[in-house]
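Naming follows writing order (A, B, C and D), and every chain is counted from residue 1.
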Amino acid sequence: MPRLPRKNDAESIRARQETLGLDGAVVEHDLTPYARAAESVTGVAVIPVSVAQLRIELGDYELGENGEVVERGRGVDDVTVPLAHTEGGLTASMQRGSRAAGTFRAYVLHDRITRASCFICKDADQALQLARWIEDNLGSMREFLQAADLPELSSRARLRETKTHVVGPMCHVLWAWTTGDAVGPNMMTRNSYALNMGFVMEQAPVKPERAMLEANMGGDKKPSYEFFQSGHGKTVIAEATLTDQNVRRVLRTAVDDLLELAWAGTHGAVASGMQSVAFTPASAVAAIFAATGQDLGMVGTSSMAHGTARRADGGLNVSIRLPGLEVGTVGGGTTLPHARRWLELLGCAGSGKVYRFAQIVAAAALALEISASAAMATAGSENFFRAHHERGGLR
Amino acid sequence: MPRLPRKNDAESIRARQETLGLDGAVVEHDLTPYARAAESVTGVAVIPVSVAQLRIELGDYELGENGEVVERGRGVDDVTVPLAHTEGGLTASMQRGSRAAGTFRAYVLHDRITRASCFICKDADQALQLARWIEDNLGSMREFLQAADLPELSSRARLRETKTHVVGPMCHVLWAWTTGDAVGPNMMTRNSYALNMGFVMEQAPVKPERAMLEANMGGDKKPSYEFFQSGHGKTVIAEATLTDQNVRRVLRTAVDDLLELAWAGTHGAVASGMQSVAFTPASAVAAIFAATGQDLGMVGTSSMAHGTARRADGGLNVSIRLPGLEVGTVGGGTTLPHARRWLELLGCAGSGKVYRFAQIVAAAALALEISASAAMATAGSENFFRAHHERGGLR
Amino acid sequence: MPRLPRKNDAESIRARQETLGLDGAVVEHDLTPYARAAESVTGVAVIPVSVAQLRIELGDYELGENGEVVERGRGVDDVTVPLAHTEGGLTASMQRGSRAAGTFRAYVLHDRITRASCFICKDADQALQLARWIEDNLGSMREFLQAADLPELSSRARLRETKTHVVGPMCHVLWAWTTGDAVGPNMMTRNSYALNMGFVMEQAPVKPERAMLEANMGGDKKPSYEFFQSGHGKTVIAEATLTDQNVRRVLRTAVDDLLELAWAGTHGAVASGMQSVAFTPASAVAAIFAATGQDLGMVGTSSMAHGTARRADGGLNVSIRLPGLEVGTVGGGTTLPHARRWLELLGCAGSGKVYRFAQIVAAAALALEISASAAMATAGSENFFRAHHERGGLR
Amino acid sequence: MPRLPRKNDAESIRARQETLGLDGAVVEHDLTPYARAAESVTGVAVIPVSVAQLRIELGDYELGENGEVVERGRGVDDVTVPLAHTEGGLTASMQRGSRAAGTFRAYVLHDRITRASCFICKDADQALQLARWIEDNLGSMREFLQAADLPELSSRARLRETKTHVVGPMCHVLWAWTTGDAVGPNMMTRNSYALNMGFVMEQAPVKPERAMLEANMGGDKKPSYEFFQSGHGKTVIAEATLTDQNVRRVLRTAVDDLLELAWAGTHGAVASGMQSVAFTPASAVAAIFAATGQDLGMVGTSSMAHGTARRADGGLNVSIRLPGLEVGTVGGGTTLPHARRWLELLGCAGSGKVYRFAQIVAAAALALEISASAAMATAGSENFFRAHHERGGLR
């Protein structure tokens, strides 16, 4: 096969389309807005977007001076959540969970994103010396980043902490950043690279043999326990109280059924070595990500979840903890027309909106979780069967 | 906020759009094809699709009588891979990896998808009795499924094995199915439900207190070790041999640099408790999934990966093992217009194509892996920096 | 320091003792029985042995023709369990758990021990060919082992299954054995080596570049999910029903307290990435192992456990699953005088006793678990505090 | 069976021995020293102790004011390591590894032990409030512990940090302590209990519904990722450089063979979901623990290990990282006669010795690791086979 042209000018695009024999819907679309989004853009994918309505008590959060997430107030809001997917039943199920929950409550706990670099030294002795020096020089590194007048550096990505982990001659380093309303992988990557090459390799009293920008301690796009425990992106909790009545009337099951399912499902997760305990958070996360221009490669990590259910006065307390929701409301795919419009529907387009957005994603995931759990629990299974049969028209 | 109508008739759709104040690109699209794909369809998401060219030696596989994957032959094919994403640099990087590899080789090892049900019994004694009975009645269950003249049942989902795991009074059961060219979650769910309710609960010598359709032993949309080891969907390996020359000229690094990175990256993965060892398979998997109508909620599980690098004669042997690639070429989102067209470009639309498709995804993931690794390795980091800076125009 | 002599003749032993200035209790002991147990034997360690009394309904198990564990009957037995340890409170706590439980019930589910060899091939293609050939040649390998008239081979270690796992050019192989009443690491190691070198490397159609006797797929003395799920040694469950009255009077807590603790403890285990869910099985396992001559290096793996608690009629059903109890009643340390005597006290010395022994260990672990849980639960914590304070005299 | 007396007076002991029909070696031993070590002491277990000689460059460490481990100097020492075990070949193998290594180098990185309590609140909102209050009140808690004039409290256990982890209505808390030269589980348990009941439950602005002393976030006696990453007890690294010549002459293998084994063994560990990467650290840890009166229930956690091998100038750099070595040189079993004597042989009896001891354990584990690896590597396997056959006389 001939080598296709790679550029995104109109001629190159057309040449690719013709060589590949593409016509119809996939190419009948103005590609201009996408010319800078990727190389070799040739057409489009279109995914239908459905909507679910949620009522959420949202926290009003800001990033504090030291990188802590500070709550300024709380308020209830009605939100319409856009869901880009083709899974029959999903949207209706989330809507049912929303109805059962009444009002969700959402909280942001933490905000950090890490780049996991690694320095290979001569031996463990030198790696330990390097680690101590790095831990001791956090202040100098911040100054270095501010002083360095490099156009590549991002001033939005602010270095907050550093964590070293020495194994043999390797000194792994987690550079922990906040990145404002962007997810920030690129800005923190550039800054981490600058730290590695411009600060550590230049100034460290022990010269490492090698510097590697990323060596997997951080779990970038790959689920890990480090990620599950310490978080990556926004750490968020959503919870709700299901009244006995709603469990019975809306979910058509019983609190005991849901508790038994939660019990068996948690032990099933343990038995299978799952690093999450939940039923189907990825379906909700993926659908919102696809609608709002988030990085779909982060669906797996952003869907790591720890769900709980516990009997409460008059019903059931249910919650989900998403330790590493990698979301942004500026930059990347969020700038593209469709994504921007769906973010606007959520009241989440642009600066100052990322904590609101993170909370909505968590609440939506919990809404789906509630309904899917009801469908899996004993009394509900029959309904689940019927629902899938009736709705799953595409399958 | 008022409750929106839920149906997908033209009037309801328009009512939703108007109530939500949606106009412009997100709603200027014919939603007719999507009316059966989801409830409350209201608009669309559009993602640009770029393309990368790969040369792959593909196996020609069929499912054998006993559910084993049989190779009938092998042949080299040039493939153009559609990538729906907005990550600057990704497509160019995959293309670079493809060029460095020359020809990829791909293999399908295994094909099974599981539904993890759970029966709660009075105690462990009864759970053990139930487990033994289930293990002994595989043949009867197959007959039951064939004989049952229920319209809900799918004859495409064939029960292959069953694995029980007793913990206390719980008898977890993994029902293992093949589902033809579909991913098959719905068909195996219906059949599993029928087995639970129509066979086990009716005929078991020990009556369980509860049957739960899903209790997490199987890792549905949630990464787990069970999934990583035993697989879920298609288990595929792609590999390539990078010549010294290509490593130097195309990747602008050295075999030793890549080996050192693989070493540090594997130990970093261990240190952080990663259930995958690879660099960025999810980026490739997500981009192909979004273009071809796959379930985006399965990006995390389908991206679990085990990558290796080892010095070979004249270069470097690199490989990636995807234990659970949940892909389909029929059913679900693959039937929708854009997805179908991109599958056609791959020669993967419709029946008899799923093993071809699985191999292409694995090869594409490896292509990206090769280039991303080169960018992270010492000599390559500077280039990576520059590449991201130059190309990442959206960020 | 001078190089000490290494042999175990009386003169060498004395020379070591004198050079090291050892006198008193550690050397005033007849070392004759230990001359073949280890090299450079120089003295002894003495650990006090306390006893706890348990009533257990034990299964009478045999290994079936195909390596399955078959139950021939069940009967209740009073057992006195020897516990070698110096942890104040442990023995009394196990005794309290025993009293609360009344009669334990124990079950053996499975019996296999594995050696995880690895063949490195030229590439994945060859590794896959090798894997298929190995899977297809189980019968021939059994014949090879029987026909091979090598004194090194053990006829007690019988090859039952083989499981291959290909990653890149590696073909990992789990050789699964039964080893009679011995734990059997040495006998299966010799036989596995013979298979690797005498069968695979000689006869495989694809010649591997390297054969490695052990490459960690099996979890020998190292906890792993493979081990936790599939088992290693004996897979055993013990369970008991705690009446409301016993929970209150003996454990001085309440069923609800224990259930809340089980809930929080399971979620704590998930949050911390534990591969077990239990409170303190290792304390019980270690104490019995030390008394009975088991391999103390296997305490960690043999203590992997999955505990559950669930409300039952009139009380609480509690259970523990030990997937990989690596115990023997013949061979190794069990042949030495003290160990043998303590095994005799259990009615577990010699051939045909290993399944009985495994069940007793599981019941003892559960007894301790019950009492320790009660101590950790809300109402019980104060008692725990006092108990440790009063009894922990050595600390 | 009659209920045995429980006390440790001479008459009760004799009554137990007679009722159980115990005579001979197991009871012919003065039990006086053990009367306070456990309840119902009835006899003894005796394990032979062999010795291996190691040369180690040891750091001279102290605990700094803020709980950091400070190195005051380094020096080379010849150490004779007591090994209580009955595994033929183990001692000789460790000795061989020692000879191959020449001089080991050891480092202490960190010293903390944690008790993982949990407070169950009404909902996540209250759990989050509690967590923030706990994080903010570290100083007050330290003062509370110092001011509280309770005889139960230990002043040796010093509270260093606290880490909270909220999941649903649970506020898990890791209380992190230093405990001097003792392992310290009892002293930190008492202090943690006092904090829970006397400080948190009394003073927290949000009153939790329940306080649980331990809910598994910390991995007490159970391996976990939290433990593997963050450590528990002493975090130690030992390393050595194997010259090409020693690899060839002493280990009878080659550097390439060892590297290939390390590569396959690391990938095998990943494939099987191991939370350690090493070959057989538990054998060394268990043998030293049994000789020196350590808690054998901690063998599994203390043996979690991360081993590496990397080509170095003129040979191979090998290392092992033990993140959570739970060792003490005062208190508990270390006060008993035999244990004390073996600790003295190591120069590790009593106060101020625990860091020395931890380093020796790590070096001994590495010594065994080196030799065992050589035995597993290709060229070495044959020797391993022969060695086990010749030496494993008991099996």
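Please note the rule applied: a residue touches a chain if its C-beta (ideal position, glycine included) is under 8 Å from a C-beta of that chain, and two chains touch if they have at least 3 such contacts.
This is a predicted model, so every value here is computed, not measured.
Graph distance from subunit A to subunit C, where chains that touch are one step apart, equals 1.
Interface comparison, B-C versus C-D: the higher number of contacting C-beta pairs is recorded for C-D. We define each chain's centre as the mean of its Cα atoms; on that basis subunit C and subunit D are separated by 19 Å.
Centroids of subunit B and subunit D (each the mean of its C-alpha atoms) stand 41 Å apart. Per-chain Cα centroids separate subunit B from subunit C by 37 Å. Contact with two or more other chains is made by residues 120, 165, 167-168, 170, 225-226, 228-229, 266-267, 269, 271-273, 275, 277, 306, 308, 310 of subunit C. Subunit B meets subunit C in the complex at residues 105, 107, 109, 120, 122-125, 128, 165-170, 225-226, 229, 237, 239, 241, 273, 306-310, 312, 317-319, 321.
Residues 225, 228-229, 263, 266-267, 269-273, 275, 277, 306, 308, 310 of subunit A are the ones touching subunit C in the complex.
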